[in-house]
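Which chain is which? They are A, B, C and D, in the order written, and residues in each are numbered from 1.
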Amino acid sequence: MKKLINAPDDVVVDALRGMEAAHPDRLRVSYDPAVVVRIDAPVQGKVGLISGGGSGHEPMHGGFVGPGMLDAACPGQVFTSPTPDQMLEASKAVNGGAGVVHIVKNYTGDVMNFDMAAEMAGGEGIEVETVLTNDDVAVEDSLYTAGRRGVGVTVLAEKICGGAADDGRSLQEVAELGRRVNANGRSMGMALTPCVNPTSGKPSFQLGEDEVEIGIGIHGEPGRFREKIGPASQVAERLMTPILEDLPFSSGDRVLAFVNGMGGTPLIELYIMYAEVARIAQDHGLTIERNLIGDFITSLDMQGCSITLLKLDDEMVRHWDAPVNTPGLRWKA
Amino acid sequence: MAITRDTTVDWMERFAVAMTEHRQELVALDTAIGDGDHGTNMDRGMGRALEKLRAGSPDDPGAVLKTVAMALVSSVGGAAGPLYGTLLLQMGTALAGRPEVDREAFAAAWRKGLEGVQARGKAQPGDKTMVDALIPAVEALEASADLDEGLRAAVKGAEQGMHATIPLLARKGRASYLGERSQDHQDPGATSTYYLFKAAGEALAG
Amino acid sequence: MKKLINAPDDVVVDALRGMEAAHPDRLRVSYDPAVVVRIDAPVQGKVGLISGGGSGHEPMHGGFVGPGMLDAACPGQVFTSPTPDQMLEASKAVNGGAGVVHIVKNYTGDVMNFDMAAEMAGGEGIEVETVLTNDDVAVEDSLYTAGRRGVGVTVLAEKICGGAADDGRSLQEVAELGRRVNANGRSMGMALTPCVNPTSGKPSFQLGEDEVEIGIGIHGEPGRFREKIGPASQVAERLMTPILEDLPFSSGDRVLAFVNGMGGTPLIELYIMYAEVARIAQDHGLTIERNLIGDFITSLDMQGCSITLLKLDDEMVRHWDAPVNTPGLRWKA
Amino acid sequence: MAITRDTTVDWMERFAVAMTEHRQELVALDTAIGDGDHGTNMDRGMGRALEKLRAGSPDDPGAVLKTVAMALVSSVGGAAGPLYGTLLLQMGTALAGRPEVDREAFAAAWRKGLEGVQARGKAQPGDKTMVDALIPAVEALEASADLDEGLRAAVKGAEQGMHATIPLLARKGRASYLGERSQDHQDPGATSTYYLFKAAGEALAG
């Protein structure tokens, strides 16, 4: 394993030190429990917005803390969900009296830890609404499984809910909007290479020199199937087809198209993928009204990408376009 | 012989040692059907728990388990943190205030802990989780006449439950993402649960 | 070689198609010759600003086209400088009557092609000033070599000159400022892995499982030396020491610290590096007044990073802080 | 026998074939001390040049070389584009308007081309560049009595100049970044220049 780190056990803390050193004007970082909070939190009267999850997905979530997006983020160990004390601390720090929304990716660990945190916060008189994201169509959903994983839609929900919260929406309204975003978004990812977790030092799975893994998760979970690598146009079909069929998206839909890099893939390849995504979307009669291209929800050094399509409505567009000023996503501010 | 504060602390220390010794084994099991962190998480958590025990010096078995539970909840993360936290918190609450704990009370506490785990995680028997190691162990403890026999039976039950997870198809937790690919692998959480009972057998038997 | 591409020879064109599809509101893309131009060019009365170079360094340069930064970019083939006809086309497209600045990284090919382009533009009555960047301290500079390579400072010069051009500065003033930025900036890079050029399909150099290459270029050129990998703190020292000694930077200096990812390195590692850079800068009495962290001048899928320090003055800070709205760099707009 | 439009086109076609045949060799040489694109660049450029020749059908040797020069300038990029572009542009200009070219005029044109390359690239003899293949070849052509002998001597001169670059330490171009590590490698540009003379020898000798 070769990484720019000091020691496997210090990865998360050292990266937080970097965040603190880089953004003292925007972020407050506490270490025990580990929480990244926007400098001016709590914003009185505004619904507080927090998220969190295992580290290794940067810029998510800490990089999305700031005006227009998250009020705080709880970083867990690499690929391990954070703990309830972090989430309770964050909820207290951002509660401006209007309640707090927890945006939670649907993983057993994240869900159970956020559940405990919500119970504790309730005990301290903080009103909490939870928005669960589960947009990964690579996973079959059923009552008898852990259900679908939360992936790309999480980034979009954090931005759109952030815009709504800034806009003075109520706790219920912000949570409802977040759930609508999740309900209208679908994602699927693929990998050219596994990722190497600094703690284990080992590749998350084995892949042949000419193979790709389709349907991977963001923690190095292997996917639905593997195949010989084809051209970008074929990879895009592999991801777009299940996404389009699942919602389903239909001709005339307005969408946001999000091509996300897994951390080790150069931007030039993401733009090549975007060209294919745009072509396929057009063939299906979709209008791409907004797009996002780059590394936003990553899996350490994994090479690969994920595609997320979100069916838009006017309210989503308005809050997507609203000013945002975070280390990881910034415009109009 | 009954369970005391000191034997409970000894139990937790032995469990901590087991989590360090078997860290790699649990990581390997979790890498096969999960994300490879179970051993690291449990080892980190029990390390933190021992610190808290030394700092706090709780004065009865229930208080010891509560202290460990809180340490796990706030340091393990993942699925195992809330699950082991809930398990031991429920047990500690059930044993609150008793300086000495006999088989019957101990078995009842395990039952409460098991219920807590199932309430938290919604796992059914056969879902390929730690629940599959817990159930046979708790039932064995409930069914036996005295503590020593009960502990021996519980350890055996946990071990069998752990092995029984191998052919199962995972229906909860990360492993469930693999569908059929989750079969023919032993569940990491059931394995750490077996070590919890094994440590109990070593520390609590007269 | 595993990449998200359709065919090695189509990489640049396909990526341009992605840019065109993604940013129709901001960019105009022409293919023969290949030029990326801001949608509203030429801006009458404003000094035009163009750059260009081989592809494979995305987001540089095409991703920096837009208000507040470049007016146009000329993408060459991967790691191959573009051609004079592209630069002439770009110069014509952005000339608003106030002349055009060419920002050129000091590589023999880039310099000679831009020289020919400047001659041609002059022939068509367009006034051209050239800003040459050569900030890479890994290369010893002398009259008898090709001289230092232009690397990280190029990004900073493009932003700062863009701010000055928006501010109505003259051709001479913008060029002078660009040269001052170059004169006050120093960089050095390192690699954990080589990059794989899609055309050759082969790694640019060989590196042992536990080795790092210190002083690499952005085209997979091997560096000054290789060594066993050490902690991030040591890697940071390896890069910072020659940078600090070369200018030299001295106690009390105000600097912009830029930690750049080479394309395959996850953001979490760049923040770990930034923490070390900030520590070293502080030990030397430098005040980091601005910073930039992320993938901005990359080398395909190479894992590694480069560090750039720029000694700031008030004018540079003002133009750095000015609004910028490009796909790759955006704030206050 | 003098050089005509047709033999000049044949020369360029043979050079294009050589760039395709030796593409990998040139890539390998450039990978060792540069960025590995010289073969690709030259092959792409000469492919484009042939298209332009067929489209434009220039009517004398000078016009043929100018057409190729412009095609190279606008399609090769890198260092080789401007250098080969300048070389052939200067030669074409020197030969402007002559339907037939004898040894003397041909040698004079090469001299102009060489001067253009040095003006563009500032390389001195011994800097480990294409200049090191050009100089001995041009001098040989200048020194010889007739075209056939001159071409043979030029090819030999270019080949020797190419081999002579192996021990040299690069002082220009990307290879110069390697300092001493650039030694014991043959220069890619000097190699493509040798193929340019080799193609001339095949196409232009009577």
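We adopt the following convention: contacts are C-beta pairs under 8 Å (C-beta built on N, C-alpha and C of every residue); 3 or more make two chains touch, one makes a residue touch a chain.
Worth saying up front: this structure is predicted, and the values here are computed from it rather than measured.
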Chain A to chain D, fewest steps along touching chains: 2
Rounded Å distance, chain B centre to chain C centre (Cα mean): 55
Chain B and chain D: spacing of chain centres that average the CA atoms, whole Å: 77
For chain A paired with chain B, centre-to-centre distance based on mean C-alpha positions, whole Å: 32
Whole-Å separation of chain centres (CA-atom averages), chain A against chain C: 29
Category of the chain touch graph - line, ring, star, complete, other: line
Touch relationships between chains, expressed as pairs: A-B, A-C, C-D
Chain A - residues contacting chain B, complex: 33, 54, 76-85, 107-109, 112-113, 115-116, 139-140, 144-146, 149, 197, 199-200, 202, 204, 217, 219-222
Complex interface listing, chain D residues touching chain C: 27, 31, 35-37, 40-41, 44, 73-83, 85, 120-121, 171-174, 176-179, 181
Sites on chain A touched by chain C in the complex: 2-7, 11, 14-15, 17-19, 21-22, 55-56, 58-59, 63, 192-193, 209-210, 212, 229, 231-233, 235, 263-275, 278, 291, 293, 295, 298, 300-301, 303-305, 325, 327, 330-333
